[in-house]
Amino acid sequence: MRKKVLITGFEPFGNDTVNPALEAVKQLEGVIIDDVEIVTQVVPTVFHDSIKAAIKAIETYEPNVVICVGQAGGRTQITPERIAINVDDARIPDNQKNQPIDEPISEDGPAAYWSTLPIKRMVHHMRKDGVPASVSNTAGTYVCNHLFYGLMHYLTNHASQIRGGFIHIPYIPEQTIENGSPSLSLDVIVRGLKTVAVIAATEKDDIREIGGTIH
Amino acid sequence: MRKKVLITGFEPFGNDTVNPALEAVKQLEGVIIDDVEIVTQVVPTVFHDSIKAAIKAIETYEPNVVICVGQAGGRTQITPERIAINVDDARIPDNQKNQPIDEPISEDGPAAYWSTLPIKRMVHHMRKDGVPASVSNTAGTYVCNHLFYGLMHYLTNHASQIRGGFIHIPYIPEQTIENGSPSLSLDVIVRGLKTVAVIAATEKDDIREIGGTIH
Amino acid sequence: MRKKVLITGFEPFGNDTVNPALEAVKQLEGVIIDDVEIVTQVVPTVFHDSIKAAIKAIETYEPNVVICVGQAGGRTQITPERIAINVDDARIPDNQKNQPIDEPISEDGPAAYWSTLPIKRMVHHMRKDGVPASVSNTAGTYVCNHLFYGLMHYLTNHASQIRGGFIHIPYIPEQTIENGSPSLSLDVIVRGLKTVAVIAATEKDDIREIGGTIH
Amino acid sequence: MRKKVLITGFEPFGNDTVNPALEAVKQLEGVIIDDVEIVTQVVPTVFHDSIKAAIKAIETYEPNVVICVGQAGGRTQITPERIAINVDDARIPDNQKNQPIDEPISEDGPAAYWSTLPIKRMVHHMRKDGVPASVSNTAGTYVCNHLFYGLMHYLTNHASQIRGGFIHIPYIPEQTIENGSPSLSLDVIVRGLKTVAVIAATEKDDIREIGGTIH
């Protein structure tokens, strides 16, 4: 039976005019791999509005899996996030000039939610396919973590049959001309996200494999 | 009225024969600053045993504040941790050859506990004093996070009047001869930890200051 | 009139089983862009033998330009080298187990040779084309610098009408699965090297553009 | 017989209001260790003027050894430089707003000069003493390399009995509060420079020890 995977991508933020997540999302729209269909949604890089846009897309598409994707400039690998934490602590304003500092995302929510995606398995298959990947234990405290937490809060309370999670991706090469940061080509990122979508849609259980961090 | 601060430090682990946390703890034992007295406890770098040793010291010393300190090789600053997460995912075995992978620390505990130390205020005062410091949003998934989670789980359930948290410190210069990693001198670390102890003992509320991370 | 560019690539060395320079060279063999023809030569990662192989190829192909390419694991950009220095100082043995320490490459050669390629112009055009690039001021002290120095020593003394230089390239993604280092996709590297070949073959003079390093 | 070592330090430059080299120099002035006396000279962070100031100090003090010291923000270790290259390529203006791009330092000078200090031996003794140190193969293309080249050009042509070289040092902790860069405490830097001064004054020959770089 066909599985539907909703992938969201952010609009550019900060000083960036490009967001690799957005570029990747454009290439993933409507892609069908075996019995897995990918649908996509662009979300604003804005506290709360991003969650609303994601929830609206979930209600529209009724996917089996939701994967939110965001840029983590400076990272070298595709990094499925393990956990979302209940705090907004913005280093820079969002695209609507909101800059919450140490505020809870949900007043009555728990301190954190786990990703319900098989993150180790996703990493395993990306690496097997030559795509640099590892598990991350922090999604930061900006809009990415915010959307991740908001997504898991919504799914837990309103749609617990849907699995969800967040994946951070590196800059693409075009973004690193001036800053000299690490990058990963868009085609490698897209390849990784396709693998992730298929694994997330078809494999419920995670594997037990070394992939933690010392600190 | 005198306040008592318990500071714990780990024994060396992995390939290291020195642990800067341990060296710092030795220098902090018995230090009295104004009305703040520091007592210390060495803990084994072993899953579960580290928590037991910390709890035993808490019961012995009955401190007002507990600060666990661990090494984060590769970091450049003293980093108070914001949150402890309920998972053990060991990249290398601990000093007793335990290597749990993706196991909960407490079967019935929440996904995460917040530090109850005024982390932004501690960072603020260390920086004012010339000590490189910033808030960290992940303590990793090894024994450091394990002890941090175990500490907060214990305090929440058995001694909620005691504040507690975890601080990661960089290598000291002697440890970086071969690996070329960043380091911070022991005297700077000790100076930072003294500031932390005084602030944690005397200031209950945190300040609102930019200090989050984008990702 | 057609220009011929000879590009050399190293065999894998150290713990690597892949060398991106070699992979790139394979894709560049026989490529013709406008009036520029690329010919290629694989060279051993061995002190002195690498120089001999390059000289033999120069004598065979009689190119207008020689560009030697090597891997600089950990770099994030394609980096044309500015200068070759007259010293071998090997951190690890080469593929024939030679490990010279602080030995001159040429007993009677000068301390250093400049690249005779238009390095700033090459960087300028790669960046314009979206390829991360910058000038490097050290090619290290291993076989890459050795070949670079040997090439310039030969050209200076025996074929001064041929321009030559060295370009370091990052790991490709497949090489970074375990080490988490930065990488650049092979297609981006190949695209950058094509730009370099055309610029080097058709533009003799360099441009004056900011691109130095503070230290 | 007493040996005299002249150590120079730069005034702060760029956005920095502190220069660790200057701070170190202040602490080294007049220090006597066994038969080695240290004298110091502050030099402006200005192309050409820095060389003039150093030469004037050499003529005044008539030292046996000259060691110029400069800041390399971002490095983690004390790094004796191996080679000075004959080019000014300024990424930012100097303190007199000069910003030469790809200009030779000396029209008739060679491409490069080697340090005449026993750099491997200096590194060896610093490391033995717990001070993080390694050989560097590039002093950049800014005022540090400029002074280094100018020093060696002068010594080679006018005072070849005097040994000379350049040492880059990391930020000190106070400078890294905002930027999060690696640092080394001033007392560790001063300790390292004392070791360097004694070794440079008393040991003419270098040792043969692994310490090169792959790239």
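Assorted remarks:
Note that the chains take the letters A, B, C and D in the order they are written out, and that residue 1 is the start of every chain.
Methods note: a contact is a pair of C-beta atoms (placed from the backbone, for glycine too) under 8 Å apart; a residue touches a chain by one contact, two chains touch by 3 or more.
Keep in mind that what you see is a predicted model, and the values were worked out from it rather than measured.
Greatest Cα centroid separation from chain C: this falls to B.
Note on chain placement: the centre of chain A and the centre of chain B lie 30 Å apart, centres being C-alpha means.
Computed centre separation for the pair chain B/chain D is 38 angstrom, with centres defined by C-alpha atoms. Put simply, the C-alpha centre of chain A and that of chain D have 47 angstrom between them. Residues of chain B in contact with two or more other chains: none. The touch graph of the protein chains shown is a ring with every node of degree two. Every pair of chains meeting the touch criterion is listed here: A-B, A-C, B-D, C-D. Those residues of chain D that touch chain B in the complex are listed here as 76-77, 127, 130-134, 173-174, 176-177, 180-185, 187-188. Within the complex formed with chain B, the chain A residues making contact are 14, 70-73, 75, 82-83, 85, 87-92, 99, 101-102, 110-114, 120, 135, 137-142, 144-145, 168, 206, 208-215.
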